[in-house]
Amino acid sequence: MEMTRATLTMQSARRGRVDPHRSMRAYDADADLMLLHFGPQHPSTHGVFRMDLHLDGEIIVKATPYVGYLHRAVEKLCERLTYVQQTPVVDKNDYVSPMTNEQALTMAFEKLLGVEVPRRARWMRTLFAELQRIASHLLWLGTFALDLGGALGGGSTLFLHCFRERELILDLFEEVTGARFHYNTHLIGGNRHDLPAGFAAKVHSALAIIESRLAEYEVLSLDNGIFKKRSHGVGVLDGELALELGVTGPNLRASGVDHDLRRDAPYGAYDELAVNVVTAQGGDCFARTQVRFGEMRESIRLARAAIDGMPEGPICGHKPIRQPGQAKATSGQVYVGIETPRGELGTFVVGGGDTPTCPYRLKIRPPSLHALSALPYILPGATVSDAVAILGSLDPIMGEADR
Amino acid sequence: MSALGHGALYGAVLIAVMLSTVAVGIWFERKFAGRMQSRLGPTIVGPMGLLQPLADVVKLLQKEDIIPAGADRALFNLAPVLATIFSLGVAAVLPLSPHMIAADLDIGVVYMLAVGGLMVVPTFMAGWASNNKFALLGGMRAVAQSISYGVPLVLAVLVPVILSGSLSLAGIVRWQSEHHWFALWPVIPGLPAFALYFMAMLAEANRIPFDIPEAESELVAGVTTEYTGAKFTLFYLAEYVHTLVGSAIGAALFFGGWDGPFGPGLHWMVAKTLALFVVVYWVRWTLLRLRSDQLMELCWKWLTPIGVALVLIAAAWVQFAPQGAL
Amino acid sequence: MGHINDTLRALWTTLRTAFRPTSTVQFPAVVRPRGERYRVSFALPDDENGEMACIGCLTCERICPSQVIKVKPGVKRESPVTGKKRAYTDDFVIDLSACIQCELCVQVCNNDAIVMVREAEQPMFEREDLVLGFARLRKNATDRTRSWGHGTMLQESQEPAKVEKKAPAAKPAPAPAPAPAAASEPAKTEPAKTEPAKTEPAPEPAKEAAPAAVEPT
């Protein structure tokens, strides 16, 4: 069925849901609604993001998100760069978890070019992805606390504690790749940097520290009365709406839908490492927090399993990068989706065109954009304070939503 | 020197002392907050960062003074001045030591509540006059919060008044030094009254967890969004002074003020005030903030009924307690 | 009552943190040590004969995704050291303000002529001062600490395993899997030639004593 605006409106009305496209003229003129531009310059919009909120006092009546403030024409740029040059550019999409960006891109190119990845490289990629998931969720927890508690108060305490632990993971990545943040360590066929000697011990000690601190974070967040009050029943996203909008990742699992690409469509080492998928009922901010905490614990376990079971072997199954034009594709189109900390990050590549060394079209499916599309449905009825909490709990990264 | 001259000199000295205490308080808060967040705090400006507050004030004062277009100039300029005046005004009745009270009013408590309660006026003036929707939202929330939390504040303060039988702050402290501190005995209603006072004081001073009017993550800077330079400095200062004075009043009403072992003195009052001041910061840098309707619910559904109950218990105690226990 | 308990526990947690050692240090009085592979600026080192290794092949300029490298190759002439004719480079400029530190230029250099260094450049007042000129890049080769990665080593470590000719305990490859990247031996990572200023010994891919490979199932 063609998804026109009218169709969506009818469907929402039938389900008794908010109609996000309802015209402002439909509201009573005497209601004296106030239009508040929330962003793009705002301490809590998780990047440059704007929402037009129509407020009745403090209650939101209609919310319209505007994206595109961080659009950097990445997909167009990637049409001009050769296959081997693209990895450092997509690092900057979801700038909070670059490892998974690189992984998604290189997996798509590998599928397009028919390159197989050796086992050690797959396990290394999985290890990096799980460590990156922990780091990303730690950053999320810190910024969520900032949204709830303010930069000049309790929120910043939890924020700095989370970053202190995140530094441990960034140090691990620095040990391997040489960069703390934008690594460029994936290449077509495997990885560029091998694990140094003594890495396993460092991983274990870092994970032990993080695991012990998770209990402290719970005291300051999940178990805290004020946090529970601010997040219970706030921003309920029901599973059906989430599926309709294409929301994936922890946001979907918190709405009760048991779907995780690592288990349902395994890639990397996930066919050998079983993933326990964490779900929660409720779909509110508290459920999303619970899911992310659970995922952090699960990622710690998976990272330990990955480093303990790391196989020997080459780290790349294709030739190393020697020339910019060494990878050519004259035809083919592939889509690869992986489970990033935000949801399903998909890369769609069309090979061919005038320059076979560059992709004809590269399209990135960002999970954050779909999460943001839920805002017009779940914000009405909430207060301005709740809007900040809901936006924070969806964990949007504008770099990937806008590309 | 005439009484007026004496009062003016005393007031000037007191204000100077309070502002320097605020300066040290800012330094201590930043160091303490830094340690709680596993970082160092200021270290570069001056030894151990002691001159940091001075650097902050100089930086703030030299910033450009901007008045937004469409702002109500008179109210906009008046708000920070009034905020400073009202917050410093409460200090007039602080019982610092048996011989050092700027104005030993017989109705010191009433004066304190009245002038402290007036703080809502400059806050709303700032919110209204800024011609900014964020400031307006902050101002509305501030009015609701300050007026609502005035009720548990008054009820909590009534408990030591009833127990000691005096409306003068110095009188309450004298009674405590002769008998016992109210926070320690009678435990009910003394300690819950102190807890109530503490929470109401946090709410009146717009501190986390009750800092909805200046919720930085939601409302940019709340009522002070459009303020720059010297006016912002005055608001900043007024908030600190309000908290400091609130801690001092709490120390005086519930912890015996200048009373202490080895003789009464200013040092005890200062020590207790600073201890409470530190607790205020400790709470600020740990807890998240409550949403405005949750704040209102806490005030009206919990604190006010508890406050009324405590007043009744205090009155019953005075009436029925055996002479020795009082 | 539960709220009071929660609040007290949260307060206790922060107070406990206040008495732990801090996790930050006062920069620049105390500088955190960086990892051996940390990469932030560039250098143009010498080759084993003591003259500049760069031959002006322009591969780094072509691979750079941000196009910040500008190389001016020079005429081929006789080397004063070896007497043989070799290619030279006249000028080499990197615009550090636009560099994304992706290490691709280091990756593709077959002569190990461009390497990254571990110390960041000083902050400058003018954006133009962040453009690293030839002199600066040559000076960095002696002034700064090299990062671990250099082109030949990286490329060698990324080679899919081939049948090793001179492996010490070469086992015949067990039934190979259909995948072209079937591993039959751990990849060699020792580079063929030794670099004059190598910082640490070549890394081993976390292999234990036995060089025997395990065929992936």
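By letter and in written order, the chains are A, B and C; residue numbering begins at 1 in each of them.
The rule is simple: contacts are C-beta pairs under 8 Å (C-beta built on N, C-alpha and C of every residue); 3 or more make two chains touch, one makes a residue touch a chain.
Every value quoted in this text rests on a predicted model; they were computed, and no experiment measured them.
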Required minimum of steps from subunit A to subunit B, each step between chains that touch: 1
Closest chain to global C-alpha mean, per-chain Cα centroids: A
Whole-Å gap between the CA centroids of subunit A and subunit B: 43
For subunit B paired with subunit C, centre-to-centre distance based on mean C-alpha positions, whole Å: 57
Separation of mean Cα positions, subunit C and subunit A [Å, integer]: 28
Residues of subunit B engaged with two or more neighbouring chains: 36-39, 285-287
Sequence positions of subunit C contacting 2 or more other chains: 7, 10, 13-14, 17, 23
Per-residue overlap in subunit A, given as positions that touch at least 2 other chains: 154, 157, 161, 164, 220, 224, 226
Subunit A to subunit B touching residues, read off their complex: 34, 36, 42-44, 58, 145-157, 160-161, 164, 220, 224, 226-227, 229-230, 383-386, 388
Subunit C partner contacts - residues on subunit A that touch it in the complex: 81, 84-89, 116-120, 154, 157, 161, 164, 167, 171, 174-179, 182, 184, 187, 189-197, 199-200, 216, 219-220, 223-226, 310-324
Contact set on subunit C toward subunit B in their complex: 7, 10-11, 13-15, 17-20, 22-26
In the complex, subunit B residues that touch subunit A: 33, 36-39, 133-134, 137, 141, 208-209, 211-212, 215-220, 284-294
Residues of subunit B that touch subunit C when the two form their complex: 32, 34-40, 43-44, 282-283, 285-287
